[in-house]
Each structure stands twice: as C-alpha cells, then as structure tokens.
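Below you'll find the structures, each written out as structure tokens.
After this come two complexes, each holding chain A, first together with chain B and then together with chain C.
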Partner chain A sequence: MIIETTAREATRTQRFAHYFTLIYCALALFIGANLRDSALYAITPYTNSEVGITAFYPESWLFDTTPGVVLDVRDTQRAGFNTRINIRVLPFSPGMSVRNLIDTLALQRRIDLPFYKILSVSERAFGLDDITTIVDYTFVSDLDDPFLQLIPAVVIGEDVFIVRRNQVILVSFTADANTFDRDYAIFERFLETLDY
Partner chain B sequence: MTDYRARLLTPPREEEEIRPYRSVWRSIIIENIGLTSVAAVSFVLFGILGVSIPDTIRPILNIAIALLPLVFWVLFSWLAERTVPQPRRQLLAVFLFSVLIARAVGQPLVEEFLRVQEWLPLGTAIGRIVGYTFTVGIVQVGLAYLVLYTLTWQENLRYRYDTLAYAAAAALGYGMLPSLEFAVTGQPNPYVVAAHTLSIFATLTVANCVVAYGLSAVRFDSAPALFMPFIIALGSLVTGLSIPLYSGFLNATFSIIGASVQRHVLGIGFTGAFLFGGLFLIYTLFTYAERRAADRELER
Partner chain C sequence: MNKRLLLWGCLAGLLCLSPAFIQAQVAPSFDLNRILRATVLVMQVRTTPTTSYITCVSSGTLVTRTGLILTNAHSTIPNPDCTGDTLLVALNVREGEAPVLSYQAEVIQADPGLDIALLRVSAEINGRAVINENIDLPFVELAEGSSLNLDDTITVVGYPGLSGEDAATALSATVQGFTGEPRGGERAWVKFRSVSDTLAEVPGVFSGGGAYNRDGLLVGIPTTAPLARQASATACARFQDTNLDGLVNASDLCVPLGGAINALRPSDFALPLIRSASLGIDVTLPTAQNQAFVASGLEPRVSNLFFAPSANNDMPTTVISSLPSGTSSLYLFFDYEFMTPETIYELRVTIDGSTSAIFSLPPVRWSGGERGLWYIGLTGQSLPNGEYNFQLLVNGVSAGEAPPLQVGGGPEPLPTFRNIQFVLREGEQIFGNGYILGVGPIVDAQFIYDNMTTGLEWTAIWYFGNQEIARASEAWSLGSNGAQSTSVSDPAGLLPGRYRLALYIEGRLSSLADFTIAGSRADARPRVFTNERFVVASDINEALTARASTSVTNPPPSIFTLFDWEQIAPGTLWQLRLMVDNEVFFDQVTSWSQGENGSGFTVQIGSDTAIPDGTYEMELLMNNILLRSTTISVGIGQLPIDPFAEPEGVQLRGVLIDGDTGLGIPNATIFILSEAFSVIDFIYNANQLYSLTTTDRDGRFQFSRPLRFTVPYSVIISVDGYLPINADGVVVDEETPNPLDIIIYMTKG
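Coming up: the complex of A and B.
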C-alpha cells in the first residue's frame, strides 16, 4: 500500500520530535565527552611519606620502580616513545645554586641521551610562594635493538626544579615531539596536584 | 446436483501493478548478500586455501573490494532508480553529503574530540558497549539523521520506504572513506579488507535503517514526539553493540601453544547474522507499520 504525502509543513508533533532529537544528540554527545574525560583523565594518588610528596598520576599509566627515582610513571599505551613523568630528590647545600644542578645534569645526559640539547632555561612562579627553574631540552630516543623496526623519536623534555630547604625536587616530563603539546596538559595537571 | 455457477477454464489474468517507485528492500537485500558473499568467498580463497596474489595486484584488489558496496549501490539502487516513473531525486545528494559530513564532522569528532581509540578498546565489555553507544554510535546516527532530515524531509519523503532508500545511501556515504582508508593502509590481506568493509557497512546499514523506521513513523504514522529521540538512542545502541561484539568475535584468545590469529570466520559469521537479523527485524517493523496504516485507512 502506498500512502503519498504532499504536505510540506511539519506538524507540531513532528517539529517537537525534531527538537527533542537534536537535544538528545547533544546530550548523548555530552555524556560521551564525560565518559572520555573520566577514562582519559582518571588519576591515582601516590604518597611517599619518606620524601614527603603526594602526587596524582594518570590511572592508565604504568608505575615503574627505578633506582634513585621517587616516582616514575609512563604511558605505555603510546606507540613509540612512552610519555613519562618522574620525580627525583637531589641534595642541595647552601652554597649551591640551581644552575650547578642543571649543568651537572646536562653533562650526565650528554653521555646518556643522544643529541641532548638544552633549549631554554627560565624561572616561573609555582604554588603560592615558590619560584621554580624550568629547563626545556631535547634528545633523540633510539632503542638499541637492531631487530626493532622503529624510527628514532625526537623527544622534548622539561625539568622543573623546586628548591626545598636542603633538597631540590626535580620533576621531569618527557614526550615525543609530535605529542608533546597534547601531553603537556597532563603534566600541568600533575604539577597542580603535586604536594611537597 | 449440477453446479450452474460459471467457471472459467483459466483464472482471470491479474493486471500487473505498475509501481511508481523502486523496491527498496530488494536492492538492500541484493547489495548486502553480494557484499557478504564477497567477504565469505575471499576468506575461503585467501584465508583458508591460501591463494597468493602478487604484491603489485594486491593494492588494486583491496581498493576494488572496498569500492564494492558503491558498485553494488550504483547497479542495484541508483541505476534502478532511474528506470522507474518516479525516482527518488535526492539519492545521490544524500550519498555525497554523507561522504562529506563523515570526513568533515564525523571523523574529527570521533578521532580528535572523543579520542575513542585511546580509551575505549581498553574498557570492560559493558563499558565498551556504553562508550561506543555514546561516542561513535551517536555521532554516526545523529549525523545520518541530520543529513536525512535536511535533504529529504521537506519534499522528498513521499511514502514510508523512501526513508529506507535514503538511509541506505547515507550509510554507504558515511562508510565509504573509512573502508577505503583501511584498504590502502599497510597492504592488508584481501579477505581482511572484505571482512572489515562488510563490518563497517553492516553496522551503518542496520543503524541507519533503524533511523529510517523512526523517520517514517514520525512522518507517516503520527508517532509521538519522543519516539524519534528513542529511535536515535536505539540506533546508536546498535552501533555500540556491533563494534565491541565484532572485535570480540574477531580477536583471538591468548594462546601459549601457537600463534594467535584473528578469527575472521567468526567475525564474518557474526556480521552476517547481525546484518540480516537486524534487517529482518526492521522489515517486520516496516510491514507492521504499513498494515496498521492500511487498517487506519479502512476505518475512515
């Protein structure tokens, strides 16, 4: 059976059906965005009473135990170079300056990391009354495996030096240069929740 | 006793009804049987029998397989439409608009805004169904609804099966570029391309046909205003169910004895059952709606 219609004007019910559909689509998309946020930005607390640090790192990241590193977490879901955040505590005597630490680290990394270069050194306010020193650097990450079919990745890193009495808390963030800008938001959130 | 009632030696010839419109169901069924058959045959040829093809021919074959839904649609829908007295004029426009909308809006929304590839594949089964429903599902179905409403609602929905014809064209347009991209990325085996193409179009076709049913109910059956949002939710749930279930059937379980290979036979089997089961349900709904409309006409 064929029922033809030539009516062009929609009835009131049809108009409301259209409006409700648009509202539902917007609402469902909002729910989808919330599901995304709760999955991508879920965090896990980390507390180290010995050092006196509390931090919140992304729930899906792998917690690693590295000697000499207080906290070492990385995003293993990322193909290629894993985005990484780690915290170290370095001794800091009264006669030292942060610049000494930066230079020492630069010399060490020059050996460990291929093509290591410092991009910039700057100071930034952190928290209520702290001034931190920020060091941006770059290097090339290449896993020493002849069978791994992987192009070396250019990595951008950022060190945040927080001076605390006779210690410096060094928070480091490294990510593939291609994903650095996107992942930097995670690092910013990490720093915002860092308590020391 | 003699029966004096007049009898004819041959039954009277019924005048063949001249239908002004193309039969939509016939086109949809033929196209999807063709697509499923190609997936099954290519799996037997390349997956089971291990027929090898030169590397130079493989990309061409893969592109041809990815373009098959378009070829079937042109042959059995678009060209067939041109032979009937009253063709559906917006068919090509709906197809082309869906291609553009998928590329310009759908893909960026799913991949860059919702970033489903980063968090959904890792979730629990229920989490993935819910997640895909409210991300990929709502984007696909919502955009299909918008395209259909914008291009056809005013003048081009003349009877209920028009919604179905346009919805099938929208499904084809939305899935065209993703299936082509898959075919040209990394030289996959042709049967993998065929299975993937079938999976994409099966999901889109069933979900869009659900939307078509909702549109026809609102347009021709005076369905309540909340019916259409309900149908959109149902359509997105169809997508939300299809994607994780297909992955579940396809992906091999972990094995320590031998290599874990994807179970394409289960993937193709599930997609076929999902496609034809879904189409059968929608056919039943359309038939029921048509009968009710006929009853209403008789009551007047």
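Coming up: the complex of A and C.
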C-alpha cells in the first residue's frame, strides 16, 4: 500500500488564530493568577488615629472588638483554632524594661491560658531603626462552649514588643501549631504594612 | 449534578427557618429541654495536698446566661456539715446523660437562713479564669412563687443522685398547701407532692434545683438541709476513699443526700439576691462587722409549744387545744433560743398516729433570729379530722412536742382571751400602739374576752426577756364578752427590750403576745432611728462626716447610707431593706449588735466601677413596721433599661455536614448577623454579629443566645474548601419548635 501525504502550509488567518489562542490562554492565566492573589492577599486598611497606628489585615478576617485591645482580627474561615493577630498598647516608663512587661504578661496568661509556656525570648531588627523583642510561646486553646465536644488545639504564639516613647506596642500573632509556619507569612506581611 | 442537588438541599434546609415553614410546626409552650439544660449539679469539694473529694452535693439552676446559679446555701457555704472549700459545677451537656463537670464557681450572694445562695461561674474546671460576659449558657427566668395556688401543677427539676446514670430529671407535682413563718409570711414554704411515675418522692439531691409553673418560669427552690453529722446510711453516700486507706468503707466521709423533699422555698426570696448580683452591687455593713453579735454557742432549743388558729402581726390571736371540722388554718407557736442560720429544724406531724407528709416540714435551715417567738403556720389546706401531734426536731434531735390537738366536731364555746394589743401611755396621753413602743412608764394591754363566766380565775403575767416582772391574778367579775385591759408600769420608764404578756384562765394559757420597747416615745411610732441619710464618699471615714445627699449626677463607685439610733437593746430584731426603683435588692433581719444609743451606723452600697443609675431607698423596720426611710437619686434616677429582663426566643442548633461524605464538618464558624444587617452588608466586623458559634468535632453546633421572636436575622456559613451558604430573613416566632434543630449540608467547592 502506498500512502501519500501532502504538506499544506497554514493560512495567515489560521496562524493568527493560533497566536490569539495562545495570547488568550496567557491572559486568562494572568487574570486567574491575579484574581487568586486578590482573593488570597486582599487586605483591609485599619487606622486608629487615637493611638497612631495604621495597618492592613486580610480582608475576610473578622474584626473583633475586645476591651483593651486596639486591633483584634482573626480568620474565622480557618477550621480549628482561628489564626489571630492583635495589637495592644501598654504603658511604658523610663524605669521599666520590656522584660518587666514579658513577666507581667506571663503572670496573667498562666491564669488565662492553659499550659502556657514561653518558648524563647529574642531580639530582632524591625524596620530601619528599631530593635524589637520577640517572645514565642505556646498554650492549649480550649473553646468556651461546654455543650460541644471540642478538641483543644495546641497553639503557638509570637509577641512583638515595639517600644515607642512611653508606650509599648504589642503585636501578637497566634495560630494552630500545625499551620503556624504557613500562616506566619500573613503575619510578616501584616508587620510590613504596620505604621506607627 | 449531585453537587447542584446538594446546594438546593442546603437552601431548602435554611428555608425551613422561614416563617411559613415554622408556623406549620406546633411547639410546646413549656420548654422542658431548656429547663433541663439550665439545671446543674453543684458539688462542694474539699482539697487537701494529696487529694480532692466531694463533701456535699445539690442541684442548682442557671438564672442568667453569664453563669449565675441559684441553689441552696447549706451545701455551698462551708459549715460543719459541708466542709469543702471549692465549688464545682456540672452541666447537663447531653439530654439523658449524667452531667459533666465544667466550671468552678464562687458564692457571690447568700442568705444562710433562707438557705438560698447565688453562685457565679468563676473558672473553667481546669482553673482557667472565665470572662462572665463572654459566657453564653442556657438559663431560666423567674416568676413569683407566691403566685402559686392550691392544686397547681408544677414541674420539679433536679438531679436524683450521684450514680453514673443520674441525669437531670423532671417530675410532675401538685401544690398541696403552704407553710407560714414570721419571715416570709403565710407562704414561706410551698408544700407539694410528686405525682410523677418516674419517682414517687423527690430525692434529697434535688435540693437547690428548680420548680416551674406551667409557663416554664422558676417559682421555687426544692429545699432540704441534710445533716451530715447524723445522716443515716440511706440518707448519705460513701463512694470515695477520703482517708486514703485503700478502702471505701464506714470510716470514709459519707456525703449527705437528704431525705424526700416536699417543700419549696418560693423564688420571691431569691429575687433580691439576683437583682443585687445582676446590678453588680455589693452591700456591706462596716459598723455591724466591727461589733458583730457574738452567738452564745449554747445548744439551740425550743420550748413552750402551743397552737393558735391564726396569727396577727406574727403574734397568736389566741391559744387553742382543739379546732372544729373544716378548719383550714393552724399555727404552731414556740419560743426559741440560741438558734443560728446554720441550725436545722424539722417539723413532724402525725394525724391519728400516721405521719402526714403534707403538714410536715423536712429538715430546713433556721431563718429567724437568735431568740424569740416563732410560728409554723399550716395555711391554704383543709385539716382532716383527727388527733394531731406536732414534734419539733432541732439539728436532728427531738426538741419539743406540742400537746395533742383535736380537729373535729363543732366549735366549743370555751372561755377565751384573744387579740392582745399594746399601747404606750403616760397619764391619759397615748404615744403609740402596736408591737413596737417607745420607752415610757406604762404599757396597757387591751384584749378581747369571750364566753367568760363570773368567778373564773384569770392571771396576767408580764415578762421582760425571760424574766417575770409582774403578775396579777383575780376572779373574773365582768360580763361574758367584751374588751378588757391590763397594764405594766415603771415610773422610771420601762427598759428597752423584748416584753411578753401571757394571759391564763384557770391556769390554762389563753393568749400571749410579745412587744418590743425601743427608742424614745413620739407620736404614732417611737423614734428609734434618726438622722437617716445617704452620702457620697470614697470611704467609710469620709462618709461619717459627709453632707447628706438626695441626688448625685455622676454615679460614684460607692454610696453610703447612715443613721443614728436611740435606746435599742442588744439582741432586738431589726430589719434593713434596700431598694432601687422600688425593687428590693437587699433585705436582712438580724439581731441588734451595737450599744443602746449611738450614731453613724453605716451601710455601703458599692460596685466595681459605678453603681447603676436609679433611685435608691433605705428602709428601717422593726416587727415588720416601717420606722424610717430615705432616698437618693443616682444619675438619671432610674435604671436605664430593665437589667432584669432577659430575652426569650428560640435556641438554634444542629449539625453541619459534608454533602459528599456525610460526615460532620468540625471547627467551622457560623455567623448570625444582627437584624440591622443583611448578608451583603457584612464586612466581617464583630459589631455586626448577633451571635456566632463553632462546630465541634462531629460538626454539631448550637447558639446559646436565643433568636428573638419575629426578628429577621441573616446567617452566614463560610468554611475553607466549601461553597458558602448565606441566607437573609431568617425568622422564628412563638410557634417555632424550641430548640430548633437543623441539618445543613455543605458542598465542596
């Protein structure tokens, strides 16, 4: 049997059609990636002129109002312990050190948080000029409703102490131990946007 | 295709909340489920360095969503029978299952004599502190227990025991009668009988629980106070190795359970405590604390038991030994001494030799003073014919028996004295009458006589305290019916204190009445308390010198009320009542513990922050007679909202299920928005929320805050990995089943 093939060049219209298809695909991928990023990294601005703080937190996080807390947001869509960021402003006088605040917080948290334990205390550069004190800690989160069968979660937290004249800005980040490393990027982005 | 079907299923599930669907449901008006869930088991625990063990148990009822628990005082405040130091609260987490230890609690208000305590959840069981404002527990509302009527059907709820399967239990009962006492009037106790098939008798551990009317409102607290010291083997339980000898036997602590309960303390008595706690008000009496009345320490005792057909101003109208058929009121009077709020007394009544549960009173706490005249009145129930024997037990030991009383036949026209009234007189001038008189030289006693005949010997004996001070005896020379008087006098003035007149006919006690002399004589009422006032001050020392105020614009953390006093004998019973907007939040009857004369008795009304706006009033009473009062207006002069009102509505609960796997979705958050917002308005701000909850490991959820009737809510369920479900206009009404169980299917997306 003899098979005969005849090569035939694509017409100009066909060639343009191929190019446009490729361009549309690239565009679609680009827009899709953009939409994904917009959804993932969408942020909501927060400004507190009384305290002098500006920050951006993830858009779909629940903005809570907790007495004594300047900003309190958490990811309610996250199953398990809600990843949480909050900011408090603590009084600070010349005779005090950050260490005093850490100890005071520890005294209160050992009452409020089951199995509270400080993992490490370190210092880290923050922004251009500041040196911050970082406290990593862990505790067990047990939700309050006694009528539901809830499994306590092991939580890792990080406190960032930023000294500002006679105040200390305490930025706290807490997340389930299983997702802490993954969620930490959110906290880093939050800190990058924090203006005080 | 399947996913689309599931989505429609989800929407249909939410539509089930719509009014059209809900109106088709028939809901019971009596929410037994909620009552059972609000019923808790309270354990008093003693902690030693090596172990913890239960010392006393009782039932209790949550009366606010923030964790206020109404229960008994005898099983919660440490005392010789309940020596624990910690209170633990077990919640009814699952219907029909044993309660689960969930919280620690503390006593914030209590009246040991009335045997009522108000606890507040203070920490989780692991010791972690709780913020009460953030707690959302099921609770019940109160109604006045004095509104109950004979033969009303009530539901008594509590825990029957301590074995593993003992879940909160509801028993039907009927009101059988009422028992009166000087403190509380004719309905100091409501007597009931179980008509339930489940339990013929209400077990002792029900004590502290709740009794509910047909509307599901708490009207009473089933009460008995078991004595650990004398608990029989059946009235207590040994289930712990308290001495750590490796055995559970007779040498271990026996937790008192108590016998059958047939009496309720009406909820009216608990209202002041709940109001005070709800307002965050704390009342202290610094003056009384400085010179507290020292109890004698002697064994409590009762004496001189006799019967009267009725009481007038807590005094017997006359003394009887028989009653005609059809009588529906009988009072047992007796003298008491050395009683304390921790004293436990019991009345056992037999009719023709058979014990009468209806007329008997189970072991209960003493709500009177240290000494005086007391009564137990059987009212609102017809007395069957027969021979009645009344026996009083104090701390489990027989303390006195009344002479037998015969009920039956027609009225007997016996010579009788009745209705003694006292008048303070100087010469021909009258300065006051009643049972509280000022200091003066002569007291006349006026009384009515019936069926007297000439020649009968009659005797009048006057007592000051327990000491006889005057006696007059003569043959009767007046007519058969009328009014007569006798008097006692002292030219130097009768001393302040408690007096008594006993009248006898032919050696038989016919009538008796007590009165108190206190204060200087004035017009209608003696001047016992003077210079009563409210002041605003930062502490008691400043209060003593501060100027009197009738209003204060900015509510301070504390206000003080002070008064001076004249000629009050130590030990005299007096009453202090505090009210805000005419609602009593403090009511105490106690023995006077100061000197006869003085000034600056101080009462502090304080709060952690600022006392609530309102019109505060202090009343000073003796023998139930209002002697003085004063008021102050704080802030706007009235409570800004009714802080005692709690919303009623429907509890929403259910399960969130993965539509593909059929398994529950754990740890998902469900939002209910306030009526002011719809789904499209939601910007993830907590201020927009009415309530939120998280599903448990099985996907179960429940909103403790009830959905109010006819209010449109929006619901948002948004979980990572699933298509969100949103709904506006979710409405419930009185016809909606309560609690409302729903199943919500989520579609992976």
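Remarks
Convention: the second predicted complex is superposed on the first by the 161 of 196 C-alpha atoms of A that agree within 3 Å, B and C clash if a C-alpha of one lies under 4 Å from a C-alpha of the other, contacts with A are read in each partner's own complex, and residues count from 1 in each chain.
Throughout what follows, contacts are C-beta pairs under 8 Å (C-beta built on N, C-alpha and C of every residue); 3 or more make two chains touch, one makes a residue touch a chain.
Keep in mind it's a predicted model, so treat the numbers as computed, not measured.
Once the two complexes are laid over each other on the shared chain, residue contacts for A:129 go to neither chain B nor chain C. Looking at the shared chain after the overlay, A:36 reaches chain B, while chain C stays out of its contact range. In the superposition on chain A, contact is made by A:63 with chain C only, not with chain B. Touch criterion met: A:147 reaches chain C, while chain B stays clear of it. In the superposed model, A:25 makes contact with chain B only, not with chain C. By the touch criterion defined above, A:192 lies against neither chain B nor chain C after alignment on the C-alpha atoms of chain A.
Looking at the shared chain after the overlay, A:80 reaches chain C, while chain B stays out of its contact range.
In the superposition on chain A, A:111 contacts chain C only, with no contact to chain B. Common to the chain B-facing and chain C-facing surfaces of chain A are residues 60, 77. The touching residues of chain C, when paired with chain A in their complex, are 37, 91, 93, 100, 102-103, 124, 126-130, 134-136, 665-669, 671, 683-687, 692-698, 700-702, 704, 718-720.
Contacts from chain A toward chain C in the complex involve residues 44, 59-65, 76-82, 111-114, 142-151. Those residues of chain B that touch chain A in the complex are listed here as 20-21, 109, 113-116, 118-120, 122-123, 130-131, 134-135, 138-139, 142, 145, 149, 153-155, 157-160, 218-220, 222-229, 232-233, 236, 290, 293-294, 297.
The part of chain A that touches chain B in the complex is made up of residues 1-6, 8, 10-11, 13-14, 16-18, 20-21, 23-25, 28-29, 31-33, 35-36, 39-40, 60, 77.
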